[in-house]
Structure formats: structure tokens, C-alpha cells
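Lettered A, B, C, D, E and F in written order, each chain numbered from 1.
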Amino acid sequence: MDLLIVNPNSTASMTRTIEAAAKAVAAPGTRIVAATSQAGPASIEGYYDEALSVPGLLAEIREGERAGARAAVIACFDDTGLDAARAMARIPVLGICEAALSLAAFVARRFTVVTTAEAARVPVEDLVARYGMAGRARVRAAGMSVLSLEDPTSGSGELLRAEIRAALTQDHAEAIVLGCAGMADLARRLSEEFGVPVIDGVSAAVKQAEALAALGLFTSKRGAYAAPSPKRYSGAMASFAPMPSGTE
Amino acid sequence: MDLLIVNPNSTASMTRTIEAAAKAVAAPGTRIVAATSQAGPASIEGYYDEALSVPGLLAEIREGERAGARAAVIACFDDTGLDAARAMARIPVLGICEAALSLAAFVARRFTVVTTAEAARVPVEDLVARYGMAGRARVRAAGMSVLSLEDPTSGSGELLRAEIRAALTQDHAEAIVLGCAGMADLARRLSEEFGVPVIDGVSAAVKQAEALAALGLFTSKRGAYAAPSPKRYSGAMASFAPMPSGTE
Amino acid sequence: MDLLIVNPNSTASMTRTIEAAAKAVAAPGTRIVAATSQAGPASIEGYYDEALSVPGLLAEIREGERAGARAAVIACFDDTGLDAARAMARIPVLGICEAALSLAAFVARRFTVVTTAEAARVPVEDLVARYGMAGRARVRAAGMSVLSLEDPTSGSGELLRAEIRAALTQDHAEAIVLGCAGMADLARRLSEEFGVPVIDGVSAAVKQAEALAALGLFTSKRGAYAAPSPKRYSGAMASFAPMPSGTE
Amino acid sequence: MDLLIVNPNSTASMTRTIEAAAKAVAAPGTRIVAATSQAGPASIEGYYDEALSVPGLLAEIREGERAGARAAVIACFDDTGLDAARAMARIPVLGICEAALSLAAFVARRFTVVTTAEAARVPVEDLVARYGMAGRARVRAAGMSVLSLEDPTSGSGELLRAEIRAALTQDHAEAIVLGCAGMADLARRLSEEFGVPVIDGVSAAVKQAEALAALGLFTSKRGAYAAPSPKRYSGAMASFAPMPSGTE
Amino acid sequence: MDLLIVNPNSTASMTRTIEAAAKAVAAPGTRIVAATSQAGPASIEGYYDEALSVPGLLAEIREGERAGARAAVIACFDDTGLDAARAMARIPVLGICEAALSLAAFVARRFTVVTTAEAARVPVEDLVARYGMAGRARVRAAGMSVLSLEDPTSGSGELLRAEIRAALTQDHAEAIVLGCAGMADLARRLSEEFGVPVIDGVSAAVKQAEALAALGLFTSKRGAYAAPSPKRYSGAMASFAPMPSGTE
Amino acid sequence: MDLLIVNPNSTASMTRTIEAAAKAVAAPGTRIVAATSQAGPASIEGYYDEALSVPGLLAEIREGERAGARAAVIACFDDTGLDAARAMARIPVLGICEAALSLAAFVARRFTVVTTAEAARVPVEDLVARYGMAGRARVRAAGMSVLSLEDPTSGSGELLRAEIRAALTQDHAEAIVLGCAGMADLARRLSEEFGVPVIDGVSAAVKQAEALAALGLFTSKRGAYAAPSPKRYSGAMASFAPMPSGTE
């Protein structure tokens, strides 16, 4: 089966990191189809970048579903556009934050998410609450930019490790969740270094997407994720107009 | 002062309803500047419409702030794009759901939001929880489309009244919040009919925006609503790239 | 319109501070009517002072409503007697804590209330929870008495500033709420000093009261705030007996 | 030991009902001292009556503590004035709602409070939330006045029974809490009739007060219940001024 | 890899239903090892059965881990003994309630769990709250015994369908979670019948267990799930004494 | 009346500490019957010990109820097996954590539980949340083993005092709850030392059990604590099979 994984920022090198992490854990029958958004920010840090990455992201998911993908993963830890994508698509769509938190909850009672920039901390805290983990998970920002993860000379690795250390000693964290798609390649190494489960959202979402597909599950089209009713969209968004059901 | 009110859907007749409601309550010194989104859905019903209305909405707010507006109101009850707009703008930005709930809380301990379509119910329930009102407010959908509000022959008025009656008897509602910008002209009449406070979000937001402006308050640029860091935006979103601070 | 603002403690100099803050932000058509409680504590610090200020406070609001006030503000950050006043009055009644928190929520996602004495901290924490802000707002006590705010030689300004600094660095606060009516004159100066929104409850409540009045909203008389049923009151409270509706 | 039980409304016949219920369960060494408030409403139904019963109530508790009572019970299900009384007194003070809920939680996982008038329902719901039972307990109003409980011809017994039946079938209630001090004499009979635990707050509070006294526990004077700091009280409240510690 | 699935009740026919459901969804490389508890109740309905099934369950998991299982699933919807098993084992242990809820959350915003007997309803409600889903999921009991699911003449299928219908119309459920391991074979058929996702916990847990194994994740041994410290166990429990680490 | 108090660990010296604490506070008419579990761990620290102590504990409670005990106390701060015991027994069953928290709530608004080992901290945090105290109570571990409390040379007293000091200064605790049955003899002395209420669960539960008995209250047999339905139990658990009602 084809599993679409969309990098909703436009930085292709980050897509390659994500794709590699996805391929490293994909089951034999899964073909990872990685896509980079064609419209949007070079990185997603905070609410503004988040919102403006959604149309480009939705375009990729729509395209991927038409091309036969059996599930889709949004590879940004803010779970940008997740509800919109679920309303649009019939295939399951997963956010990497939601996926990582749900796996962390299986192996630890208390854990800490370590994200990148301070601007991402509150949005992730809100997600943690939305997913019902407010009493179990804390969020820390390592004080670095998303793109610095792509640069081996940036010192981002040290900032990340320092924050993990603080999580273990100050938060009594039992496991660590890496709070950025750009950290997808670091989970195993950090887990060995620190001796606790370290969970990366990209690989978590790939496995959960495979799980949903294997069980024949699709997004409910009843209630909150009902298909959008047909209507006119104007201007730059005209191409996104929902079609009357049956015409697609 | 100029107060920008943006209809994030592209239906100009609804903008006129909103504008009239805003003007009816504006203070003498307030000039209402109503704008219709140039890009997006004809109406906003559910997560998909919501997400795709955001770029058009942000463009109007950016434009309005540059033109000297002192505050902005997003005239859609889903508070679409609210966090993104706050991160982008320095002027206060208000959502009509948040504004209506906060005024309702001053005049009642329990109240019910009556919205339009079933697809809007869960998104509004999530907003109610986000604004800390989950224990005080219920949400009902009257089972009608947003655009039917513009059509006097649609029977939407009767559907709305029936749902208000149910809220009073079954939910023990003490006040009613109208859960759609398109209902902005109905609040006073319904309040007289039912003998309880009926709150419309558009007029609530206009008054709260005037309040913030009068107090000299602006959106905090520290933490969650910090200005987006400068970066490249690609494709159809290129024009939204945040500029280095100081260059604007 | 007349807007009644009641200082529920009996310190007239504090009423003057409150009145000045209210007048500084009142709209042209608003006449601020400030009243000092004739019965109760010289300052309100903790649950005991709170409870015993209520009859004096209610007397002022009843009097003010009879004299034609269109809304009332209770100028104590503990929102003393708020529910009782709403049950008694038909005009809207606002607490300055509730008003300040609701405005802070428009300009910041996380904020900190800085109050005076340690004895006031837990009561304010309980209010923050009651208003649905427990996940967004913290409460700090600056370790000073309410009346020291009236004394320029008390060092209270420095204690307040130190606590604001702690809120910004330790709580990641994005905005500050001043947690005492006696701080009403300090908001603008502190906002400039610290570069974040600083919100004073007195001025917040004045503007929200004007908003409610402009929208024609009154306290719901259905449910929790229904007019008290007629009954005998004995002893020192005899004058508070609710009258059969229609006789007033 | 002397156990003070204060009826904060001024209806002496209700005090006798309460006193009898208290005496029926008091331990051999406990002397029940019942007091009727000398100032306040004839019954407490809703926020207004609640607030105005507090000074009269506090006067009785202060008097009782001076006279040597070892604990005090506030015999009104709204737990009127509870925090103020705890700040004032060193002896433990119990509310009958808090006491009843805590005992109900020992014998059932889900239960329903049946109170009297609709105006009391929301205040009790707020107490249930305050005591951490929002997920376990529902509140129903039987639609009768408090004083009708004193009148055998009023039909209040039937209204109460009908509401208990509804609680059992519709709420899946496993136990019933009687939500008014005036029902103190009915618990055992209703428990036998319905075959589930029926808990009366007056007797619950008497036993919990005895428990606290036997364990040598007093109200903490650190933090929220610290003794009020000495200050002037004016007007009708002058006699309530807290004295400098040591002078009493 | 070997995936252990333990039926914590002693009814072997139910183990076969569970095993078949597990095998139907297992990945090619997964060998399902199904075990029936050798000590405990014939079915688990309520807290008492739950607690007494734990030692037998833990024995099977300990045995299975020693025999090389890479993950374990507890096939009872009450997630009986889950925390104890996680503290004991290093391999991941999954409960079928937790697993089902986490998958349901990916395909629906609101859903309903339909369990068997009324005695199981409150325990499952408590699990729903523990897993952070209290605002999203309701629990219904179909009013039948667990063992009746094994008997085609019992009418249990009709009871289940009636409750699903009620969930869809009254709860606005968007998906259904089957709240008993004995329903594991019904999910696909019911999903087709009702046109919404129907999720069975056994298959959900198998896929999540495979996911954790594929990612190299183990239960955290830091904090809540730290290995029990070595100590003496007496009587019938002697064989469960934790061994000093390193001796096993 | 006979009041059964069960030490669910097998260490008889700890039973003697518990028994002495219970006898010290028991009312004249109460006969304390202390029992040590005949099967299970020497001490209970964390989820694994907890679960495996339940059958031995239930056996003692069943035996005690048959022998005429009027109420039972589970003397382990994890409230091990509480729900199962309530489903099994008709007499009231109390956990010492639940009992201690409910008394602490009468004398303080904020308090801290100080428990023994780090492995016990999260389980107690979960209990605090279950009992609705998450906003009021914190949990600290003093970093010592349960059995060290029995050894005067272990330095456990100093560790406990240090943690109490931290609770007072860092948590603003107004009262302290001792989070281990083995600390039952220390409450009065520590209360005098620190000048705040210090609450021991064993004595709290004894008094609450007496309260329930005096009020004629029994565990509800409707809903969550309904008697387990008759069924076969196999293997080592065979003797626990619930009997058809009426046969016992």
C-alpha cells in the first residue's frame, strides 16, 4: 500500500530526513510516498506559519488520495491542518504529535515533549491538552530554530540533549517525545544515550497509519469530519471548492 | 478609530448583514470598515471551509492593519484563523465566538450556543472548551445551512426558534448565544421574544474591540503570539512571508 | 449613562484611585458614579474580609440601581459578592477579576495575575479556575498589604515589579493582570516598562460594562440569577428582604 | 465536647429539625449546641439569600468558639460562608454539602444530589465541581421551596420521591444525597424505601466534625485560612473587625 | 516476532475468538501466541472479577516474556492489571481499551463505547477519563452478560445493535468502539452495517503492539513503571516475588 | 462494633504500628480488629506490589465481614483493591488515601501528600486526581523505602521532615498528608513540630468508618459496586468465586 507523508513546509532537505525515517520503519508492504508542500513557509514555527501551510498541505493530501494512497501523515509536530484534512479525505490522516503522544502513553505514565523554538511551545501545550494528556505530559522548548536541525554545526544537538536532561531530572519524565519532524532521525540514538524511550512522531505516525489501514479503518464521514458540503470557493482558493459527492 | 471587521467567507450579502450589525452598536468615534474575503468559501461550515478561509482572511487583516485599523474582528463563529492573525498583527484581533462567550458569562451562569449546521457543532464545542466554558455552555445545531439565513423563505427562522426553545427547557439555559455571524441582526428581537439575554458575536466583538483600543491594549508579542520569524514562503503563499522586523 | 463603581472596602482614598482610573477610560457618554461601602473592612484580603464586605456592597448596588445606574462594577479583585449582586440586580454587574481575565485572554495565551498579600493568592486562584482559565493563568502574590499601595513610601512598587519580572521569566507570562483594585493607576506605566500588556481590572470592567449597556444586555433572570423569592429577613439584615416582584 | 451547629436561616422550626437529626447521630461524648441565626433570611434559596446569611452565621460561630465549641457545622447545603468561617475560626468548620459528598463517595461511584428549588441547583452544581465530584455527581431540583419541607400538607415529600426515582433510572445513581438541611430527618426512611444509601448532610457533618475533633485537627492557619489581619471595620460591620492576634 | 495475547478470563472458547481476531490482522512476521489464564474468573464483569484475574494474568505475561514474546496484549476491555504488568515486564504491554480509544481518536472526534453488562459501564467510564477522552467518548452498556456473546441463541447481537443505534442518534457518535474482547469478531460486519468506523480493541492492540515492537520501544523502567524492588512475597503469592535485578 | 483494619502487606510489625494508631483514636464502642495479609508482598511500593496484594487483602475482608465486622479499612496508602472490596462487601470499605484527603480538605485549601518511595509517587498522584483533588494537592516522595520506616536507624525520619519542609516553602502547603500506613504514629508529633495539620490516613479512615457505621450506611449494591454475578473461578482463585446471592 502507498502511505503518503507530507512535509507541510517547503524545505526539501527536511522532507528527505522525514522520508528516510519513514522508510526505516515501514512494513515490507508499505511504499512511502514523501511529498514537499509546493506553497508555504520554509519551516513551521508558531501559529502563523502553521495556518499558511494548510492549503499547500491539503493540496498534497488531496492529490495523494486521488493517486491511491491508503493513508496520509502530516509531518509537522503542530498537527497543522489535521481536522481540515480529515474532513476532506476518506483515508485516515495522522498528525505526528497525536501519533507520538499515543505511543508514549503505552510505555510511560509521565513524559515530556521537547520541541524546538519557544514560539512552538504553547501551540504544542494546547495539543497536549486537546489529546487529553495535560496531566501526564509537559512541553519544553530547546531554544533553537527548526532549520538549525539541518545544520550539523549549529549546536542544536547539544541544546536538545540539555533539555532532555532537564526533563528527566526536573519533570521526572519517564520517556521523551521529540517535538519536531526534523528530529526524526535522532530517536534511537537518544534512547540509547538516555536509557528511556525516545519517541519520534514521524515513525510513530507511519506505524499507526499502517495499523489503521490493516484494520480497514477510514475517517468517519459522520459528524465533525463529514465531507464539506458543495459550495463555491473564490479567488486563489477556487480550486479547493468541495465537489458535490459523486462527481469526484 | 477604524475598526476592521472581516467576513472570512466570500458572500457579500452576509458582509452587509454583519456590517449593519456592527454599525448599529459602534460607538460614535468608531468607523466600521467591513471587508469580504477575496479568496475562500462562500460559507464556512466545518473544519475544511475554516482552514481554507484563513489566507484570504489574513490578507484582509494585514491590509487593514497597514491602512490604520486599530483593531480587527473575524466575523465567523468558528474563530477561524484567530491565533494566526494574532501572531501576525500587533493590533488586537477578536473572534466572535470568544467575544460572545465572554459577554454571556457576565449575564448568565449557564447558557447555550445555537449554531447552524451539524458540521459546525463539534468545532464550536471545541471552542467552548478552549475558552474554559465547557461546564457552563452547551452547543446545539439548528440543522440549517449558513446561507439559508440569507433567504427569508428558507424557514431558518423557525428552526432557530425551535432550537432556542429546546435550549431553555432541556438545557436550563439562562441565555442564548447565536452561533453564526449571519444571525447578527436577530439578537434583539429574539431576546424580546424569549425574555432572556440573546447575544450576537459580531456586536459583542465590536464592543470588546473598542474596549481594548480604549485601554491602549495590543496583542502581546511575547510567547505564543510573537511575530513570526522571517523566512521564505514559496508558491501561492509567497506573499505571506514574514518580513524581518523593522522592514515593514 | 450612569455607571456605578463600588469600592467594597471602606477606604475612601482607594475609592478615589479607582474613580480616577474609571474616569480615565470612560466613554464620553458615561458618567462614573463611585461609591464607598458604608459598612465593612478597610481593605479586603482573604475570605473573611470578603464575606463581610458583601452586605455593604449590595446596599450600594441596590441604591445605585434605584438611582438609575445602567451597570455596576465591584471594584475588588476577589469579585466579592458577584453572584449575589447579579441575583439581586437587573442591571449587569461586573467583577474586576472576571473582566480583567476576559480581556487578557484576547491579547495573550498565557498570563500571570500579580496580587497583593499571600492571603489573597488562593482565593484568586479559585477565581481563575472558576472563569475557566486554570490552564492559562498563574497567580502570584507580591507579599504586601492592600493599604500599602496607598503609601508611596512603602516600597510596594518595587515588590510589584519584582513579581512581574518573576512572572515573565519563570511563568513565561505573555501579559500581566494586576490583581488588586488599588493598582488601577499603574497599568499603563508598567506596560511601557515591561513591554507586555498590563491589564487593570477596574478599567477593564468599565469598558465591559459599557459594552453590555450598549448592547442592551441585562442579567438573566432565569435560573441561577433569578430574583430572590420574597421572604422575611430578620435582625440586622431585615432591610435586605427581597420584595415581591412588582412592589419595588 | 460541644459541637456547634448553626442554622444560617432564621427559621427556628428548621433549627429544631436539624438539632434532632444531629442529636440522633451524635456520639455519647458529644453535646449538640444548635443555634439559629439572629440576622438573615427565613430560608436560603440561591446566591442572594446565601450572601446575606453570612454575617449572622459568622456571629454565631464566633460566639460558639468563644463559648468552647470544639467544632462547628454550617447547616445549609450551599455551604454558605464556609471559607470565611474557616479563616475566622481555629476550630474545624464543616459545610453539610462537603460532608455529605465526601461520605457518599465512600459508598458509591456515581450519585445524585436532590435539592429543593431550581434557584439552588446551579449553586450546588458549582459546589460539586469545587469539591472535585463533577464527574461523579449530578444535581436535581425537586421544584419546591425550602419552607414547604416544614409543612406536611405541601406535597414536598412526593416531589422529592419523584426526583429520587428519576435519579435512579435516568442518572444511574447508586446513592442519593439530600440537598437541603431541612431534609435531615428523611434519610433513613428514604434509604429503606429505595434500597440505596441516602445521605443527609447534617448527620454527615456531625460525624465528620467528631472525627476531626477526635484526631486533634484544627483549621490550618497557614495560607488560604490564615487569620484575617487586624484592620478597621466600619458601619454595621464594625463588630466583626479582626483583632490583633493575642488580644482575643 | 511473537506477540502474546492473554485472555485474563478462564473461558477457552473466548480465547479462540480473540486469537482468531488477532490472527486475522497480524502482520506476516507476527506469530500470535494466545494464552488463557489458568486462575481466575470465567468472565470479567466489574471490579471484583477484574482484581482477581490479575495474578493469573501476570503469570501468563511473565511466562510469555521469558519465552521470548516481544509484546503482550491484555484481552479484556477493563485493561485489568495493565499498570502492574507494565511495572513487571520490559516488553510493551497493551490494554485493549487504551488501544481502541487511541485508534478511534484518529478517525472520529466523538465516539461511543458499547460494552456488555451494566456493571462494566462505570469501570469503562473511568478508563475513558484516565485516557483523557472524557470530553469525546461516552459509554453505554448493552445489558447482556459477557458469556452470552459466545451463545448465538442469546439475542446478544440484537442488544448490541440496538445500543449502537442509540449511540448514533442520541450521542451523535461518529464511530463505535466495541467494549468487550468477546466482540472481537464483529467489528467489520457492524462497520458495514452502520456505515461508521467500528473498532475492536483486540485487533487495535495487536497493530499497536506491532508498531511499538517495530520501533524498538520498550516500557520505560524509570518512574511509575520501574521494576519492583526485590522483596519477600508470602503465601499463595510467594512465586510472584520480584527478583533482584540481574538474577533473572 | 468491630472495625476491621487490614494491612495488605505481610509485615506483622507494620500491622502493629497500624493497630496502635487505630486504637489510639477509636471511639469507646469500637473494637479494632487488625489483620495481616497471609499472601502478598512484604511492603507495597508501586503498581506490581499493589496488584498482587489484592487477593490476600480481599480474603481478609471477606473473612472479617463474615465474622461480623461493621466496616473495613485497607491500610495501604495506594488504596489497593478498594473498588474490588466494595463490590465484594456490603459493609463500608475505606482506603486510607481517600480518607486522609477528605479530612485534609476540611482544614486546608492546599496541601501536600508526602509518600515514601519514588515508585509510589505517580500512583498516589493518580489517586489524588481520581478523588477530585488534582488542583489542591501535590505529591512528594521522600526517597525512602516503606520498610525503613520500621527501622529507627534508617534516617527515614529526617528524609520525611526535609520533604515536609519543602512542601511548606515550595508548594505553599497549608497541611500535610502522610502518604504511607507505616507513618501512622507520626502525625501528632509532626503537627506540633511544623504547626500545621498533619493527617494520617489510618486514623482518618478509622473515624470515617465509625461515621459511616453510626449513620447506618452501607456500600451501594446498585451500579458500579453491585455484587459480582455468580460464576466459576478457576485455579488458585477458585475459592474467590462469587456465590449466588442468598447462598452465603
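The working rule: contacts are C-beta pairs under 8 Å (C-beta built on N, C-alpha and C of every residue); 3 or more make two chains touch, one makes a residue touch a chain.
The UniProt protein names, listed by chain, are A, B, C, D, E, F = Hydantoin racemase.
These numbers were taken from a predicted model, which means no experiment stands behind them.
In the contact between chain E and chain F, the residue numbers used by both copies make up over half of all numbers at that interface. Averaged Cα coordinates give chain C a centre that lies 28 Å from the centre of chain D. Separating the centre of chain B from that of chain D, both taken as means of CA atoms, is a distance of 44 Å.
Contacts with at least two other chains are made by residues 83, 86, 109-110, 118, 121-122, 126, 134-135, 172, 223-225 of chain E. Contact topology of the protein chains: irregular, matching none of line, ring, star or complete.
The set of touching chain pairs reads A-B, A-C, A-E, A-F, B-C, B-D, B-E, C-D, C-F, D-E, D-F, E-F, using the touch definition from the header.
Of all residues in chain C, those touching chain D in their complex are 10, 37-43, 45-56, 58, 81, 83-84, 86-88, 117-119, 121-123, 126, 130, 145, 223-226, 228-229, 231-238, 240-242. Within the complex, the chain E residues that touch chain B are 109-110, 135, 172. Contact residues on chain A toward chain C in their complex (touch as defined above): 118, 121-122, 126, 129, 134.
Touching chain A in their complex are the following residues of chain E: 25, 27-28, 83, 86, 92, 94, 98, 102-103, 105-110, 131-136, 168, 172-175, 187-188, 191, 195-197, 199, 203-204, 207-208, 210-212, 214-220, 222-225.
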